[in-house]
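Shared chain: subunit A. Partners: subunit B in the first complex, subunit C in the second.
And now, the complex of A and B:
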């Protein structure tokens, strides 16, 4: 079988360097996302006898429905359900980069975190406790300096291991008693719709509904219990 | 204090972001949250875009969006 692995990250984190390193140029396929003017890059590589299809998602800071490139990434993760999402972050700017990581955690997808540019982080005097970060986020982490080729062999191993395992119990953002109660009320109603329960993480759906996300509102309007659900958020 | 009226090099702290939910969320996502310090890289443009440094990144903001960010002086 072929594992499908998506690469995601903020702009300028070295995502392309990592993609080009994992998939040599001749094996890359560059096109467009169907019906969009956003570039789609994908390619295959083999590691330890296993074939991996790597899809490069657009570099974004967020995953809202308002921006085309963000929606492409989000829809790919939700609809195609890749075996693994490799989230590449700039280790020298964790605060900004981990925002996207938390959005991915909320999607309850299988994540491998890559701390890239660890050399720059060190130059800045940052000491990152990788084990502690991994424990707190509940996802595996690997450190790299892609431009120097450091850690890329380990990354291939880690991709294979992570793609082969099911998502761990990810850490969740706690939104406070009031909102958590609303989330739970929404989940109870969403659970009654079998189709939704199968396709989506219901907690994610509930949070997006509370955010009045355009795409999710459209989905909910067509679902069972639409009236009750829309009443909760009005 | 508005972001568009400050000269380049000024440092300030965000106190509030005004406007519609969509604008507030977008600015939050880019790192503009209340309490965060920013630095004007290229400012004093009352009509055109301004360049701002926030959380180690430089971001260009259109004039209309920049006006939504309310600032206070940093001591």
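And now, the complex of A and C:
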């Protein structure tokens, strides 16, 4: 079987360098996302006898419905359900980059974190305890310096291992007692709609509903309990 | 249970804050920030992004840019000038007087004259390309955002303004990247005050003739006045017809890169050549039209008050009399509505058909240095060109705003020049 793996990350984290390294130019396919002017790059490579289809998602800071490129990334993860999402972060800018990671964690997708540009982080005097970070986030982590080719062999191994495992769902933001109660109330209502519970992470839907995300509002409006759900956020 | 009671008006922000809190906790335990090795990029930013030094540093760099532009351009300009004088000498040998005049005075005198002033444009683009490729220009937007935001303006506005140093047309189009409708409109309305490359020939001609050793500084002052007027006008709009609060501005600052000679030359060539193309097309047509107006009706002394251009100039001159502009300049200002460099071309034709004295010498004889500086200010603030008006109409999709923009620029240009003359006279200049 072929694993589908998506590459995601903020702009300027070296995502293209990693993509080009994993999939040699001749095997790349460049086109547009259906009906969009946003470029779509994908390609296949084989590692240890397994075939992997790599899809390059647009570089974004967030995953809102308001921006076209962010919506493309989000819809790909929700609709296509890739076996693995490789989240590339700039190790010298962890705080900002992890925001996208947290949004991915909320989507309850299978994540492999790549700490890229660790050389620049070292120059800045950063020491990152990778094991501790991995434990706290509940996802596997690989360190690389893509521009120098460091850690890319290990990355391939890690992609294969991670793509083969199921998503970890143990790490989430704790939003505080009141908000959590609100989220749980919404989840109870959402659960009654089986179609929704099959397709989406209900916690994610609930959070997006609280954010009044346009795309999610449209989905909720068509669901059972729509009036009660919309009443909560009115 | 209502979400609003718990999350308030902006739920997205509250939830995002909670995520950042979690991130900070995680990062605190797994990341140790040790002694930082200072990179060259950090050190440069210590200066260029400094709260107090940042903006003065930008103006200082800009001053250096014009010193460079002037110093390097001068020999090339002299060469082009000599070349066209030599050609004009040959044009005089043409037996037919009319053909000799249209080629010698119209094309060589007008178009050839303006060609020498394209040299500084090339070097200005070269210098700006170096600033851009090094990553510095992005920082200028950042530095100005701090000031602009305090004044209630959108920091992103400064990026179109920087583009405006090259040409106002793409600057106005770049305003599309600004989200709020009012922020965008303000940016479109102030972008024409940014001194574009086509105004440079005018400054170089006038400053070169009147301010000799301080010419580069005089030109530099135009760019400062342009930025100043743009900011004041934006503030005025913000406080009156376009009230509102600006959205915060986020810009990613890449590390500094060593600009390459090849990259800078390519940049310079790409942008400079578009100016040469203009010279080959409508500036050529302009030269012939202005020449015709300056020799018709047949029989009058060419370029005199009796010629068509003389009549136009004299009719309009009373309007500009308080500024001390001669009829030659007043008439040329009408043509300069099409594009600013046409002023140089028009003065070139008028003076070359009427006399053999150098154009710069003729200019010095006709107005005072104070009026000359007022003329530079007028050209800075006056409608940049027809193309700008066209793109404002396209981008705002409103004749009302387009008319507002054009009229306000004419009024501000006149007032600006009047202030220069007034203050100068008070100071006894």
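The working rule: the second predicted complex is superposed on the first by the 233 of 234 C-alpha atoms of A that agree within 3 Å, B and C clash if a C-alpha of one lies under 4 Å from a C-alpha of the other, contacts with A are read in each partner's own complex, and residues count from 1 in each chain.
Here is the rule we use: contacts are C-beta pairs under 8 Å (C-beta built on N, C-alpha and C of every residue); 3 or more make two chains touch, one makes a residue touch a chain.
Everything quoted here is computed from the prediction, not taken from an experiment.
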Margin query: With the two structures overlaid on subunit A, would subunit B and subunit C clash, or do they fit side by side?
Written below: clash
Next item on the list: Between subunit B and subunit C, pick out the one touching the greater number of residues of subunit A.
Entry: C
Next item on the list: Mind working out whether A:20 is in touch with subunit B, subunit C, both or neither, as first, second, both or neither?
Entry: neither
Next item on the list: Mind working out whether A:215 is in touch with subunit B, subunit C, both or neither, as first, second, both or neither?
Entry: neither
Check: A:95 contacts which: subunit B (first), subunit C (second), both, neither?
Finding: both
Next item on the list: With the two complexes superposed on chain A, say which partner A:127 touches: subunit B (first), subunit C (second), both, or neither.
Entry: second
Note to self: With both complexes overlaid on chain A, does A:223 touch subunit B (first), subunit C (second), both or neither?
What the structure shows: neither
Item checked: subunit A residues contacted in one complex by subunit B, in the other by subunit C -> 95, 99, 211-212
Notebook entry, point to check: If you look only at subunit A, which of its residues touch subunit C in the complex?
Noted result: 11-12, 94-95, 98-99, 102-103, 123-130, 132-133, 136-137, 173-176, 178-179, 181-182, 185, 207, 210-212, 232-234
Notebook entry, point to check: Given the complex with subunit A, which residues does subunit B contribute to the contact?
Noted result: 21-22, 25-26, 29-31, 55-57
Check: If you look only at subunit C, which of its residues touch subunit A in the complex?
Finding: 1-4, 6-7, 11-12, 14-16, 18-20, 22-24, 26-27, 29-37, 39, 252, 254
Next item on the list: Using the touch rule from the top, collect the residues of subunit A that touch subunit B in their complex.
Entry: 61-62, 64, 66, 92-93, 95-96, 99, 211-212
